[in-house]
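First chain A sits with chain B, and in the next complex the same chain sits with chain C.
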Partner chain A sequence: MNKREYTIALAGNPNTGKSTLFNVLTGLRQHTGNWPGKTVIHAEGFFTYKNEEYRIIDLPGTYSLYSNSADEEVARDFIIFSKPDVTLVVLDATALERNLNLALQVLEMTDRVIICLNLMDEAKKKGIVIDIANLSKKLGVPVVPLAARNKEGIEELLETVARMVHGEINTTPLVVAYSRAIEEKIAKLLPLVKEVVGEEYPARWVALRLLDGDTSLLHALQHHPHHFLKEGATYACHCAKSV
Partner chain B sequence: MRATVPNPFDELMEHAKRLTDGDTREQIVASIFQTSRQICQETVTYTKQEKRYETEKLDRIFTSKIWGFPIMLAMLAVVIYITIAGANVPSSLLAEFFGWLEGYITLLFQQLHAPSWLHGILVLGLYRGTTWVVSVMLPPMAIFFPIFALLENYGYLPRVAFNMDRLFKKSGAHGKQSLTMAMGFGCNAAAIMSTRIIESPRERMLAILTNNFVPCNGRWPTLILLASLFMAAGYTGGWKTFATASVVVAMVVFGIIVTLTVSWILSKTALRGVPTHYTLELPPYRRPKIWDTIVRSTLDKSVYVLKRAVTVAAPAGVLTWVLANIHVGDTTVLAYSAQLLDPFARQLGLDGYILLAFILGLPANEIVVPILLMGYLSTGALIEVDGLHSLKQIFLDHGWTWLTALNMMLFSLLHYPCGTTLVNIYKETKSKKWTFLSFAIPTAIAIVVTFTTAHLVQWFGLL
Partner chain C sequence: MTEAKLARLSDANPGERFRITTLKIEGTMKRRLLDLGFVPGSEITVLQKSPLGDPTAYRVSHTTIALRKEESDHIYGERIGNE
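The block that comes next holds the complex of A and B.
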């Protein structure tokens, strides 16, 4: 009997109630420290749902994942290299447009995404109505409305997470269409990217980052940030390899 | 070996570099924004148009060029006023309670025929030091921080950062320094950790070196106590509280001015450079869970104060009592040290005991006043400190004037950070030099400012 633990990453802008959700999910089963070699707070916790163990990592709150800062780099590296089973992107329902930018970037990196539309209570008060089904269809991933501080929507979220880790949900993440010039460059770069970095990483996204002149990413790809893997066999990618 | 084989990664990078041009990032970001907007247009509807721009409307007031600063000052004044007005009664109740309890503890010691040195260490040292910290620190902290947390959760704090941003930029520092500064009101040691939000090492160092100039948890009560005893002496009732609050607000503003000045000087000298750009997000205003916020931050702060009282104030109380009771010749170690410091301290408008209290109070600012009182009381007849009224008498008996109080407040505001903060600074900077400077710069400023104040006042014959 090999009981595995699922890894969940929690991403989102600051001030979206990301930490509230983290606290609601984990209760007191959490600890904080530093990301190895970085002065960025690392918080992780655990919870059990339907007899299965989940490990959840609260990524630093960021507005983008372009590695402008140590925070963004940590969040980006975790999603890319640790390949969490599910990445939850917490969005502020009262400021959806601004918050979606981050969600779109995450969707470029992984297809195992659930959108947590938090602060729904606040949005309702402000008369903001969001067509959840349509939003989910457009983004191509599940969207769960939440009011984390009132503990509303948590059950549905957990159920969605469980279904996703068991492969019961098929996602077709939205592909952001860039300008013709950029799309052409991506097309030129794509074969080479696939050849060099392999199928393990989202090639289109890597190509975009390269066009953006992001040298830190290529450096990271080349030298595999070992600290992300070393932390233990609990990571999904590790388990898969060691089995 | 490696050099001969062209690295495929380098090749890829080269290839990408040839394809890319200057504004790729802008184009990428623009497409993402465009997509977000499009999705929102098709999925979001607003049923209450008047509520849609609420945040913008409020921001026009709170971050206005004309009203921004007056509102900030007014908020600060109101918070401090409520703190002072609210803390008085519970403070004296707690003090009375502990005094009443002390009577029984002393009786118990007498019943057990405990030696008087044991009673001295445990009751006059440990018990008094600890209960002082609890009764004087706890009520103001339990009022100040919940209000502060409410303002933060409403979303006002980022607006403060927005308003202050311009000033910090002008002094060559990072706008986010105003946020770490705000953290400093709670605890400088914690604020040092919070400077991590500043990316550039240069600007982060500025924030670390100047964080000490905002009064922390341990110094608020000292400021409030001295202001209410000496600065507001001529007033009664509500006006007294108002005068006290005004003096404390003036102290805070002075601290901020020193912060900006020191940042400016450092960014022109040792830490030269241009401030980096950053985007400051102003989250929407939202009503926090009021009771939750109040209860949580009150509990947090209470636990914090109690922990400090036990871990820092208690040992310091014991140490001070021991120093005050070990006799060398016909004087105590404490009195001897105080005499030694006295000539220098007088130049700063203080006295030897005050300076000694600051030195012994290095581990934590909370214990400066208790140490001072112990020092004073050990020299004369032992008086029971049962309220704030007798406190003032003790100070007056030792030749205090309003100038002494003012200088002690200034010294408290400006002097070196506490031991915990220094340890954190070392941990964060990993540099002995910068840790030393973060000790030396404030100390030098504290000495210069108090010296100048003392001599100016004497020179003008204001006393």
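The block that comes next holds the complex of A and C.
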């Protein structure tokens, strides 16, 4: 029997029913506290599906992972450094345009993503129809419709999660194409980034963060020195400036 | 359209709609405004001002977001009248 425990991260905008889904999945098997050193709530729970143990982390609800608030840092660091086996991005089906911003950001960071289209009951009431197969094709990852508060779609979600942790789902996350000037800079940075961070972190994403002048990420990288040496961050910063 | 015709979001009154043309600001605050849905091309509705006139609540792609004048001052676009 497989004794491994899989880690699932829950990301999403505020008010998308992320915590409702968390509660449905974990029931009472959860506890909350703060993230170390931050006044940001940390909620963690456990569930069993088909005799396998899962640990699920409810990340703070954010619109983005770039704006450098404590909430967003926590969410970003968890996805990048803790490398969950699956990241669930919970989207509000009634406000997809707003919600896809975060989804695309997560897709740049990891390919082990399942999109949870929550509040499908609300969307239906409002007459919103979503072409789920097409959305999934465009994003390159599974999309599961949910109405978490009515517990609809949970079984399909769990099945998809189980298949993903067992490597039965191949994803091809949408790569956001930027302007030519930016793409040229990314191309220049990529080999340098790969040299410094290796396969440990998503190189294209790191390159983009460097181009954006994201100093908060560099600080975070410096605090994870086991794979990313201190000189590495400074070096990378220097490279980014020279590009 | 000429630059001179652009209005600031902070000039728009409650009930008015506003289409964003550009954000004249850089750095983290720009990023933040974009993430919240204040992107060029999007239509905003001014909902209401707080009793002292600042901040102001806006409707941005199905969500209510309040901005202070120091933020809405940097958002330029067209005022497209009342709903």
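Note that the second predicted complex is superposed on the first by the 221 of 243 C-alpha atoms of A that agree within 3 Å, B and C clash if a C-alpha of one lies under 4 Å from a C-alpha of the other, contacts with A are read in each partner's own complex, and residues count from 1 in each chain.
Note that in this section contacts are C-beta pairs under 8 Å (C-beta built on N, C-alpha and C of every residue); 3 or more make two chains touch, one makes a residue touch a chain.
Computed from a predicted structure; not experimentally measured.
Once the two complexes are overlaid on the shared chain, A:95 sits against chain B and chain C alike. Comparing chain B with chain C, the partner in contact with more residues of chain A is B. By the touch criterion stated above, A:181 is placed in contact with chain B alone, chain C being left untouched. Contact with both chain B and chain C is seen for A:63 once the two complexes are overlaid on the shared chain. In the superposition on chain A, A:170 makes contact with neither chain B nor chain C.
When both complexes are overlaid on chain A, the residue A:139 reaches chain B alone and has no touch with chain C.
With both structures placed on the common chain, the touch criterion links A:51 to neither chain B nor chain C. Looking at chain A, you'll find residues 63, 66, 94-95, 97-98, 101, 212 touch chain B in one structure and chain C in the other.
Against chain A, the residues of chain B that register as touching in their complex are 8-9, 11-13, 15-17, 19-20, 24-25, 27-28, 31-33, 35-37, 39-40, 42-49, 51-52, 54, 155, 196, 199, 279, 281, 283-284, 286, 289, 428.
Taken together, the chain A residues at the contact with chain C in this complex read 63-64, 66-68, 94-95, 97-98, 101, 212. Put simply, chain C touches chain A in their complex at residues 28, 31-32, 35-37, 60-63. Against chain B, the residues of chain A that register as touching in their complex are 13-15, 39-41, 63, 66, 69-70, 92, 94-98, 100-101, 104-105, 119, 122, 125-131, 134-135, 138-139, 149, 174, 176-179, 181-182, 185, 188-189, 192-193, 195-196, 207-208, 210-213, 215, 218, 221-222.
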